[in-house]
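Below, chain A partners chain B and then partners chain C, in two separate complexes.
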Partner chain A sequence: MLLATQNLQFPPTRDLIGLLPELILSGAFVILLMLDLVTPPSRRSLLAAVSLVALAAAMGAVVWGWFDADHARTIYAGSFAYDRFGRFVDGIVIASAALTVAISPDYLNRRGLHFGEYYALILAATVGMMLLAGAASLIVIFLGIELLSISLYILSGFAHTETRSQEAALKYLLLGGFASGILLYGMALIYGATGHTQLTLIKQSLAGSSGTDPLFLVGVGLLFVGFAFKVSAAPFHWWTPDVYQGAPTSVTTFMSVATKVAAFASLIRVFTYTFADSTDKWTGIVAFVAIISMVVGNVAALTQTSLKRMLAYSGIAQAGYILIGVAVSPDPLGTVGSLYYLAAYAATNLGAFAVITVLAGRGEDLDSYDGIRGLAYRRPYTAAAMAFFLFSLGGFPPTAGFFAKFLVFSAAIHAHAVYLALWGIGTSVISIFYYLRVGLLMYTRPKEGEETYPWARTSLAGGGVLAASAAGTLVLGILVFLIYTAAVSAQHGVLPVPQQLA
Partner chain B sequence: MTQADILIYIAGALAVVSAAGVVMSSQPIYSALSLVGNMVSLAVLFLLLNAQFLAAVQVIVYAGAVMVLFVFIIALLSPGREDSPLRDRRALIGGAAIVYVTVQIFVLATNGTTYKKGLPTATCATIREAVPAYRLIQAGQPASCNPFPLHGNENAVPIAQANNSAAGLNGVLFFPDDVNRVGNVQVTGGQLFTTFVLPFEITSLLLLVAAVGAVYLTRRSPGRERAEQARASRRPPLPAPAGESLGPGVAASPKAPAATGEPESA
Partner chain C sequence: MHSIPWLTLVLVVPLGTALLLQLLPRTAAGAIKATTVAGTLAVAGIVAGLLIAFNQSAASSTPGRGLTLQFQERHSWIPGIGASYHLGLDGLSGWLLALDAAVFLIGAVVVSRRATERPKFYCTLLLLTEAATAGVLLSADLLLFYLFWEAMLVPLYFILGSYGDANRGRATIKFIIYTAAGSLLMLVAIIYITFQAQQATASAANPSGTLSFDLQTLINSPAVSAAQDRVSVLGFATLTPAQWAFLAFAAAFAIKVPLVPFHTWLPDSYTSAPPQVLTFFAGIVSKLGAYGFIRYGLTLFPGPVHHFQWLLMSLAVVSIVYSALLALSQADIKRIVAYASISHLGFIVLGIFALNENGINGAIIQMINHGIIIVALFLVVGYIEERTGTRDRHELSGLEARMPWLYALFLVITLAGLGMPGMNSFVGEFTILVGAFQANPVFTVLAGLGTVLACWYMLRLHQGLMHDPIQGRLERIGDLRVGEGLTLAPLVALMVLIGVFPRPIGDVARGNVHQYATIATSEPGASPATASAPGP
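Right, the complex of A and B next:
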């Protein structure tokens, strides 16, 4: 009787449809844990196949959702946004997860790490990322970040007989926990200033005010620090090189791409769209962090002699480029540019890390620059693919990286932030040096009698993943309008809806 | 200054002091006990904010169950004394600087924020009329019309009026008097399974993942033991102390002291 007096409204059952991809993967997570108990160790590749089936089903649900989410709406009492923006990002995340799972069995077998929990945790992290991408409430954003982070903490330490992997996991856990605390503090202050956790309601409550409430602004600042940590933007990037280097390479492949994509999606949703009325208060800080990231990432990458660390610093620099799209808000071109950049970054960076994963032999992980010296004379196709990815990361046409940078920089110019474009172009020139250095090493003929790294034989799955990443990089670089139109469509429907459209 | 105000200051001061105790004690067991004190002070604050149920949960679950487990584990591992951060001058100066900056920011933030003492009674009545949840529980005259016990926010008014109508949102403002009339547990439970059902379910998945991780990282499967034995047989004597190659953080793991201790005693 008491309950009746509250007149509770349970979320309608059709809301479940909006969470279909997440539900499929969560179910697969539980099924994998149980299958792991009955699968003999020699047949663990079966678990990879099951994960791939689940990911394919989830991808189907996402594609269907793309058309169904034509009219964006929030579900579960404003906790989750069912819109094309979320589906776009979900698609990238699921594709990254699927490609990672496909290269994992061979790599894990060579490293003696083939355990069933691996696939379950990858799927759990994917669910976390998808929840983060669609989260329309501060609570769900936090839980999504925690779900993906905790899965990745464990995956970073997956090689738990290796000190380096343990160190990576512990460092990631401690710094990640600290960043989560800051993020949560920011959320608490925003809740205190607006009285709501749902983004739609926060946006409504901000509409009347000038957005100068200091409590709110401090909250926004702390929230941005938390996000900047997750997307590894400088100066909150200290964990990135160590964790990327220490974690098993297949985990790094997944983590470097998918985490960044999901965290950026949430960052854009919260900052560009929820705090849209007070953009002049925070775009300066975002632009500053973007410039710092571009400079620090690119300059630090120059001096590296480890492939994984180089790609980690390169990832920090890429985060800076993507942040330009946020710094020019409320210009919608910025969001489109960032979305395109995320897709291009995912295809390219996943490919580059996949090359290292596929080549890694038994024993010592392939990491140092010396390890790829003369690669082109033994594995010409793999070396060509790696060179292609490096070109794309450096932003040469006709690759994905070129158009991604082009769109982001043109958004900056469109929004009269020419200095951001200039910083971007300037630092891109620096980046060419270290990308080309690795490329040249691969094409350096090894001296007589010099021992090369014992590269692993590329399996069918590994070759397929490299081909898929290369194809993705090429398609994003040539058939630009395919993804560009999708990004524009995703931007149009993003929730919380701009006030005048509501 | 009412009694509640005085209590808030006492509980708040206790919370700060005990939180400092958590990071400054040299014995882990004192840190854990300070954490208990911190949680109890927070429970008092919850109580003063009209969240009786949350206060009870805080005491029973955190201070009672979780901390007992903590203390158990600390007693089992019986870690030694650690250097108090008070001895390390650099840490002290750095910590003091961070505390100073943070306090300044929050003083600025709270001073600049204009708090309103509750809502005008007329708007309050409108909200109660507009929201069906309140129409039924208006038996007595409400004593206070303040949605948040400490400070109201006028921005909240249009939202409360608009709620439930648009986008299926359940963003209802709760007035302490009304909540107390229905019951704290009922309101919390009702909200947990309607407005916040998605976060609630994600939390269960999160806990499952954490459990899987804990089991994976601590279990020693036969395969892994074989691998370790193979590695041990390849390198006959234990080489350099394993602790040296670890990062500063990892050295605190329980295995490291044993590994470094062996060569010394031999």
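Right, the complex of A and C next:
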């Protein structure tokens, strides 16, 4: 049944066009690996430039695909969805990758980690994420997850002389491998229950049944656990703080944003749209995990004294808010809210981590709260940007974070799940405390003669990335209709078979 | 009709000035402060023009549950969810906008006359706060209103967190968390009532209905109060959804006003903030809570407003009496003023929830008065602290001898603060008490106790600071400088002017006050003929 209906031959052009962005980045991956051999160590910034060009080309292909009249179909024998939903997520992932690449050369040079493989691995992870976003078959989902995970395992341990980075990589590898196993097991059970790996066919075979097959339900449960691990939702979040803290900050920047975005895209495609007929069986557990994530993430973040760990726990809480959009399935407003939240989260969280990255000096990574004390007195604009991102994470208008929260809470209320919105606002109030505490530290005047962290000079590229993230956060907070319209359009076209937006 | 979008200009001018400041070098303190004063002066000019051009009889021509807004601007903002950029001015927001423009102008003038740490940062934040507060007053769309309402906290956070005494960090976070908690509850209620209203518009041609955040649309929608399925929390407090939604709105506004027992952020942040911040922080922010009660509470929830009239009126009375007692027991003169402020704000809420024209009219007048008096009081406290280095009532006495000008001005402010006839507070409080008496005589009598207590703590404060022999270490302090006197003088003049000639406020506000009272006492969906009170 797997591939039986199509004869195996070279894929037709229509299929290749659907994969154009992924193909561009894969080609760039190979080119980068070879270029690295002939590039002298001092000129490795060139590799970053090449990566940026490739990412720009891929972005072009994504935008073209968005407007391509021939989209909204599955390609490669129904295993990959060429739809606007995928393009929307691809756009976020590619933009995150590009911004990460732009801040990387300076940071890696200061930390003495500037190796060419870095860029190749970032691109490989990006391809994995894009495959995951478009995957319309359980096999491709696994393929995408493994591609992005393996690249990130290596990147987390990129600081090869630091124990903490090595520990992070090992922890991520072991726990990630374990989660992949659970995911795969869930896929196997679903395949056993339905006889299909393609989401379209799974959906069809579920249409007749009542969805109470225990084999299927256990499979759904395991699949959800696997996804929950990747999006770092509680109680599957234990790896997140350690890995975020141990990995080089530029890697954390990328990982914290893009992995979550891609994994959420796949989670939504599989759960909200493929298991659409049995929502009553699994929305309860999703809502439960959402609440646990919001509570655990926000409460644990209160007591942190490390910026990266605080942002890691904040990311866990944000995963909880995004899960609200899944928990209200099949309400299409939930998907729109989640998509908007992902875009907002990407702009904001990337900005917050980028601030820590561009400020990191030669020695230790900038990580402790003490490290940003008095930042506003030396780097007023960087501190203002960081404060802006923190406000967005806390959900204050006029920032992206406000409308993201507004839309998921709206979805919850629209789906008569007001309790989710109330949990959401309750935990948001908690979150304001720790975001603003960090904000206040930056605006605390350093005492006479007190040593501050040796912040690096912000380079042109670093400043540009911060400005771009801040602009994105502001645009998503004011010119809401731009991305909102796109998210609605993405929801309309999602494969397999969307719910119509009321 | 109006080719120039004046209301947008009220928002754009402070924002534009703030952007302009970024082009100036950080060290050019003089230019920065001058630009800020110019920006706030321009806003004040536009607002004055708007009030002069305001059509006082426009509101009387709209029948039923209409709320007449003038100088309206409406543009599509997020078409997908029916949110629009809709601005409008009525008699209520018009006067508060005037107060807003005035307190920021004073704030800018005050800061321009004293050395300020990081003036560029400060002035930028001041202008951003002005834009956000003006936006709160001008919006006629619930989502836009919420956006400005919450965005206001961002610049305030930086100002309160960066300027003030050593306790400011704690006080700031307390303020933000308190207000944000209330606001988020209100957000849930906003989303809920818009979805309710959407369902009510559903028809065969449009099965899902039209979503709209427009205030007027929601005022006319019978959907919110129609839902009668009662919802209980943990088995008690069984209320209709509309009543829950009203309580959520009331939480946001009661924290902002603040009403006892939601007031504990106020003494902390007022005590820690420096006087130049308090000019606009105390001057306008608390009034926005009262404004929200009238503009959104009364209009959207006529049923629940009546159901909870006793609750809000009793909270108001508790605020008036309890804070007055607290004011009596303080030694720190700044805290005395802070508690006096809460006590006077209680009168405003009492007037609003009298739910009649007298009460609302008095509340509007009293909002203006409160702004003027509180700014003047905090300026006086600031001047005294600056010269003597202390705010302890017991360490200060006999300042009269050294500061005759301050003595005179402070005397007028004190009389205004305690509600002496002929002063502005008397007009406001009297009108409020008349309205409240029509609604509930018992609460009115209890509230009257507050005026007695006000005489006590205000006169004790004035006498204690000004009379008696001067303490030795205070011998060398000087009187007000000309600039300081000129900052206080217009406020003092206004106190007397409004006291003897309050008519302009009533004239501008009257038409809309009638509308607010009508909307608050009628259910949507009822025919306009029976809904509106038969008026002349």
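Note that the second predicted complex is superposed on the first by the 483 of 502 C-alpha atoms of A that agree within 3 Å, B and C clash if a C-alpha of one lies under 4 Å from a C-alpha of the other, contacts with A are read in each partner's own complex, and residues count from 1 in each chain.
Just so it is clear, a contact is a pair of C-beta atoms (placed from the backbone, for glycine too) under 8 Å apart; a residue touches a chain by one contact, two chains touch by 3 or more.
Please read all numbers here as calculations on a predicted model, not as lab measurements.
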First (chain B), second (chain C), both or neither touched by A:Pro214: first
First (chain B), second (chain C), both or neither touched by A:Gln204: first
First, second, both or neither for A:Asp106, with chain B first and chain C second: neither
Touching partner for A:Gln166 - first (chain B), second (chain C), both, neither: first
If touched residues of chain A are counted for chain B and for chain C, the larger one: B
Touched partner set for A:Asp83, first chain B, second chain C, both or neither: neither
Touching partner for A:Val127 - first (chain B), second (chain C), both, neither: first
First, second, both or neither for A:Gly144, with chain B first and chain C second: first
Intersection of chain A interface sets (partners chain B, chain C): 502
Touching residues on chain A, where the partner in the complex is chain B: 2-3, 5-12, 19, 26, 29-30, 33, 41, 73-80, 112, 115, 117, 120-121, 124, 127, 131, 137, 139-140, 143-144, 146-147, 150-151, 153-154, 157-158, 160-161, 163, 166-167, 170-171, 174, 189, 193-196, 198, 200-201, 204-206, 208-209, 213-215, 217-218, 502
Residue numbers on chain C that touch chain A, as the complex places them: 76-81, 83, 121, 143, 146-148, 150-151, 153-154, 157-158, 161-162, 169, 172-173, 176-177, 180-181, 184-185, 187-188, 191-192, 195, 207-208
Complex contacts: residues of chain B adjacent to chain A: 105-106, 108-114, 132-133, 136-137, 147-148, 153, 155-156, 158-159, 162-164, 166-171, 173, 182-183, 186-187, 190, 193-199, 202-203, 205-206, 208-210, 212-213, 216-217, 221, 223-224, 227-228, 231, 242, 245-247, 249-250, 253
Complex contacts: residues of chain A adjacent to chain C: 376, 380, 387, 391, 396-398, 402, 406, 409-410, 413-414, 418, 421-422, 425, 428-429, 432-433, 436-437, 439-440, 443-444, 480-481, 484-485, 488, 502
